[in-house]
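Two complexes, one shared chain (chain A), two partners (chain B, chain C).
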Partner chain A sequence: MNKQNQFHIVKRGAMPWYFGWLVRGIAIVLALLVSAAVTTILTGEDPLQVYATIFHGAFGTKRKAWMLGQNMAILLCVSLAVTPAFKMRFWNIGGEGQVLMGGLATAACMICLGDKLPNAVLILIMVIASIAAGAVWGVIPAIFKAKWNTNETLFTLMMNYVATQLVAFFVIVWEVPKGAGKIGIINQTTEAGWLPVIGGQKYLLNILVVAILTVAMHIYLKYSKHGYELTVVGESERTASYVGIKVEKVIIRTMLLSGAICGIAGLLLVGGTDHTVTTTIAGGRGFTAVMVSWLAKFDPLVMIFTSFLLVFLDRGAGEISTVFGLNHSFADILTGIILFFIIGSEFFINYKLSFHKAGKEEKHV
Partner chain B sequence: MENKVARVKMRNITKRFGPVLANDRVWLDIYQGEILALLGENGSGKTTLMNMLSGIYFPDEGQIFIDDKEVLIRSPKDAFDLKIGMIHQHFKLVDVLTAAENIVLGLHDGKRLDLEKVKTRVREICDAYGFDVDPDEKIYNMSVSQKQTVEIVKVLYRGADILILDEPTAVLTPQETDKLFAVLRNMRNDGKAIVIITHKLHEVEDLSDRVAVLRQGQFIGDMPTRESSAQEMTNMMVGHPVTLNIERPEPVDPKPRVEVKNLTVRSEEGVLKLDDVSFTINSGEILGIAGISGCGQKELLEAIAGLQPTESGSVIYINDNGTKEELIGKDPQAIADKGVALSFVPEDRLGMGLVANMDLTDNMMLRSFRRGRSFFTDRKTPKKLAEDVVKELEVKTPSVNTPVRRLSGGNVQKILVGREIASAPTVLLTAYAVRGLDIHSSYTIYDLINKQKQSGVAVVYVGEDLDVLLELADRILVLCDGKVSGIVDGRGAKKREVGLLMTRVGGKDE
Partner chain C sequence: MKKFLALILALVMSLSLVACGGGETVEEDNADRDASVVFDNNSDTVDITTLDPAKIAEMKVGFIFLHDENSTYDLNFMRAAKNACEEIGVEYLIHTNIPEGQECYEAAAQLADAGCDIVFADSFGHEDYLIQAAKEFPEVEFCHATGVRAHTENLPNFHNAFASIYEGRYLAGVAAGMKLNEMIAAGEFTAEEAKIGYVGAFTYAEVVSGYTSFFLGARSVCPTVTMEVTFTGSWYDETAEKEGANKLIANGCKLISQHADSMGAPTACETAGVPNVSYNGSTLSACPNTFIVSSRIEWTPYMQVMIGRVAKGEKINADWTGTIANGAVQLTEINEAVAAEGTVEKIEEVKAELINGTRHVFDTDTFTVEGKKLESYAADINDWGDLTGETEVIKDGAFQESLYRSAPAFDLQIDGISLLDTAF
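Our next item is the complex of A and B:
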């Protein structure tokens, strides 16, 4: 019984609303200080300059700001897609594959129907095809989960690899020129199947579509009967069956939705901006989306901020690696430090440490 | 008990959970060779106080002295080192291991494990106090009371001489309870200090030497049991005088409402849970269902409610106009669609009846959210309902926007029962409606159930407290191993008779 300076973890009670933001703010400041120290020690660069460069990388020019918006829109779109599944405690980490399938379907329409249909009809078919492809990719694991209670985490993960291979296969089928190993820009001359550019800005359409999706998802989760049902299923399947909610139906319906929105992300990428398809168009967003969604505690409106944060860090990090001639891994280190502090701060929002000294008064930190 | 030795002294113990003051400067002494009954309503802080003694929680303030020496108890291991052992309400045993293996689990003295030596020691303990445990028996083969015995032996094996039992009789039959009490008396006579937390006052009077009462986290007082009475203890717990009689109004125009015929149910593992069960539930009447835990009550209620797949048999609902509806093969939604107003208060309140993380309003919505054609949910009506239930049943909650997991057991149950009654049912199934509830909340629930009966509802009351069943139910159906062991009239039924029916079909003495 002679151990000194023991501490205990104690759950905090109700704190004022600003408390959480205060803690998060402190966490970010600390993260920047630690990053600065690491930067100076490892590279000898002036940390303030590094931070300025990060900011410049994200917002520095008009083009960079638009790119930020575009990246944020696609990431947010995938995050919106996985959120209803997560809320239902269905761990859909197959966003990557569902996006790829949506993109593949879009590219297929553009290549095969490019010159045979009026553009408006083609785009309509592309929309339907991409949504359907994403939804099918999402619903397959859901059906297995609903009927035979298979593990959806492994299943959706494996579906990613299948999707990647399918895309790789079709890239070779459609490669231009033969032997190039890539498709190149589809319909470069006719621009058939390219989503319309509005307001003269290439990325504006994507941003608007995702903005609408965000509001719609917020309303769907919070105010619709479907949203209520999937929350109940996520909290307790037993309660759901007890009140007569058909659990299987809800799982399948929610994953159809989740996959469909991933399909839309694929459509926006292939039809809206890239106009080609590769195995890497999803760019790991299917996984980053998991973090966006969790950090925001599955709230679509908060996800606007979390997706911004991640894209901002990523864009800024890319910039410092070019400007200072640093390895890209260094940028990843900084991103890692900042995320560590932000995620770690959640602990201090919910808990506090209290220290004990044997027989003496206690201190709370 | 002339020269009483205080083994444990708790001084000014304070524990907060967020804004809730669970223990407020509590003083408590536990004496050697004495059985102390710790009394209090739900949420009065009994279990919290004992958890601090057994190392589960750490007090925010205050001191604990063992044998007049101040100690810090940071973990269950610290508690064991101080010879304190607690038997929790929910057993903490590994199902696939044997009794002996469970008993030594977590003990390491650096030497090689000699299971034979452990078994010998276990047998010695059993012989000394009159336990009946086979050290080689696997836990999953054991009855609830055997598991509890293993827990007690486990604590004794670790050398505990301060024992804490948290509601040990909640899961036992009257016969098993008697056996447990005999063992506890043996241990007391052996000089151990024993604390028992219970809600059943007749057990307190029967077993304990001293009672201590907590109310709202504060220590109210203690006294020798023989100088007190059930009435006095209750008044101390509640804080004002209460009457302790359960009413049993005459049945109101009883007519068959649900006919269960030859119902047979197997669990997913193929174990026979209900075996050819037949009986009738009447309107305006309370049908009590008695039986030891695991005898098929749960499956019976869930089969009627459309939640349990059945093997054979039928459950017929009889409408007022005489038309009949088969309920087997329908899920809860299909049953409701047929116009059968069936309400069910399940045993697992937070895992089945309610969603712990949702607030009161959203929980009220569980039954009604489908109403209307709209794609969107209507939150105004359930909010109104939540407010009404809070007001009428005196639910203690900060607001209707509080997640139900933050509420105490009694208040959770009021929310659940309130919601189930609100849909104007014709059949009300209740499973352990007052389990874990304090006296005041229990009586509120009995009242609510009686009111339903008087308004013509067919009530099924599955209970574990035979004294209550005998006072409340019009008829009592006794289940034993999934079979109907007997149906007795609640008026004039004898506790012993029902107790025997619970353990042997037909209730024949050995």
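Our next item is the complex of A and C:
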């Protein structure tokens, strides 16, 4: 018997604006159902208790709510950084490395200049150094792409490893005590180079800086000439050349910006909250940011919501592993399930499955 | 481009403005620091039957572990945590796989938020972050194993602990030396070829003190022994530890020991058929043909003292040091199939001498540094990140380890031990 495929995949036509959000909403609900089911099966806990724990993990105490804000701010900052590059169809997955370089430059200033300069001057130098370091790390692949059309995905990815190794190297150079393989908190007694605490809330500065950046990026992409140019380059490099846009210049300029904002994320992490540098300080945000940006269709204002969603679920998952006495890897499993559904939902937004039934008309799902 | 520059500039300016508004930090006076430090080191134990059950019922204990059960060090710590809390009957929460970074502060803060009265952390690199949490949560006691800063930090709720594990390693070294003697007597190699290999994690005092005491124990029974040490730069890197052990075996080492937390070195020994002296716990089940003995720290008494003090509302000292006498320093069961004959008796004999004080591990008559006997040494006991020693530790003919603070401070390179690499 000639067996036909039971279904095939069809690209969807134009759908109403709310359709995408409906599918995403369903995906999140499904993700939560599966997470709760997995937790219940493995631990025997009440599923409702699992949801309460997720919520408690994100908002349970004032400090947790602030931490949520902080994590969201840093993730959003990295997402803002990669967005102009993405809009230009330049796949910058080197956010991780650019953040690390920004953080490393900040730490270098704090360690080497910590007791030599007044705090205000030191912080100014840290700001410049971190932005420059991130920008340099971002622009190297851009120059290669612009001049020799190298593959930016691989290039930026590999720059991450170089940055990680550089940080690992300097951790050994600056380790305290000698031989311990860690830097620890930099200037813990003098607090030299620590970004100022506003209103007694140590995460407030980061949140404000990122809020300003978000609005600025929205304006930049939507209303500036640069934003228009990079969108045109993203749609078609040929069209861009034809209308007189210098494609090379746009690529390099956009990646300078992208790297620079990653540098700011590094600055906020090292100077603002962590006051140390480790190879894991970026914490995978360079990659999570890709998702934040993508889910929001490169719209900085929508990214506020998507970054909130990811951070909320991540912190909730972390709380589950603590409260139910599970290995911390369990949080990673839950985060994995949630991300699987969220990413999967994008498929159903863009495509539909058509099922065949012998002799009957096609049914669309 | 101009707009972007203007934006960055505005950001820079606003940041620096805020920075100027920040208070000036007063530089601490270094000159009188030495005099102000009070060594407050004890090794008491607690009778858990005297604790108030009502108080225990409302208490919570938190734990922060660097790795999980796959690491021998963390496994040893986790077992003690479970024992200590279950014997007392107190509720406890754990966080595993917490790196030595900001994640540790976050974990500590979460435990404090969850209502823990006392929080333990098990890794050296957790210290700075625990101190950060201790400043923020003054009502919670933070107890940090293997750290060095409690006695200088002057925080009433931050404490260090360690055990005089150098004594345990010395005893394990005696077992190693006897095994080497047996192999020499059997004609497997000459006395001059007796060489021990050691896989260490990092190059700071905790590891140096460990391999030196192990070596001195071995040399006390096998005078011709030498040792080679290699480092992995990680507390848990199974591949690097295995490679390290293989390199040492290829270099002609006849017996291997390690101070890193995976099963890398013991399994490499089992494969190569080279005797192994382990750490943190018995590796007998995985290595029945090569495991001799393991020294380990039994953390249960320590945790019970700390929890007990909190339950009674008593002050906790800056440092707590576990010893052979209070049961914190232990040797596992000796694998008599591999160990030399008479090892059990010899270890009992040396142990008795260590307890009654007739033998000292770091007796300055038993080792030389650059060919000379050590008459005086200023160790970096008060670790202000200055990396310079300030406390005289040679007293009564021995290096006084774990006397001024619980964590080891012996960081000298003695003759007879060669380091293959010092990258870490």
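Just a few scattered comments:
Methods note: the second predicted complex is superposed on the first by the 282 of 365 C-alpha atoms of A that agree within 3 Å, B and C clash if a C-alpha of one lies under 4 Å from a C-alpha of the other, contacts with A are read in each partner's own complex, and residues count from 1 in each chain.
Assume a contact is a pair of C-beta atoms (placed from the backbone, for glycine too) under 8 Å apart; a residue touches a chain by one contact, two chains touch by 3 or more.
Nothing here was measured: the structure is a model prediction, and the numbers come from that model.
With both structures placed on the common chain, the touch criterion links A:235 to chain B but leaves chain C unconnected.
Once chain A of one complex is fitted onto chain A of the other, the partner contacts of A:131 are limited to chain C, with no touch recorded for chain B.
Once the two complexes are laid over each other on the shared chain, residue contacts for A:224 go to chain B and to chain C alike. After overlaying the two complexes on the shared chain, residue contacts for A:200 are found with neither chain B nor chain C.
Set side by side, chain B and chain C differ in how many residues of chain A they touch, and the one touching more is C. In the superposition on chain A, A:61 contacts chain C only, with no contact to chain B. Within the superposed three-chain model, A:16 lies out of touch with both chain B and chain C [touch as defined at top]. Chain A residues in contact with chain B (one complex) as well as with chain C (other complex) are 224, 226. Residues 16-20, 58, 60-61, 70-72, 74, 78, 305, 307, 331-334, 336, 344, 346, 348, 351-358, 362, 365-367, 369-370, 374-377 of chain B are the ones that touch chain A when the two sit in their complex. Those residues of chain A that touch chain B in the complex are listed here as 1, 6, 8, 10-14, 223-226, 228-229, 231-232, 235-236, 238-239, 241-246, 354, 356, 358-359, 362.
Taken together, the chain C residues at the contact with chain A in this complex read 1, 3-4, 7-8, 11-12, 15-16, 18-22, 24-25, 27-28, 68, 93-103, 106, 109-110, 113-114, 124-125, 127-129, 131-132, 148, 201-205, 207-208, 233-234, 380, 383-385, 387, 411, 423-424. Across the complex, chain C is touched by residues 60-61, 63-64, 67, 119-120, 123-124, 127-128, 131, 172, 176-182, 184-185, 188-192, 195-198, 205, 209, 212, 216, 220, 224, 226, 253, 257, 260, 264, 273-274, 276, 278, 280-281, 319, 322-323, 325, 327-329 of chain A.
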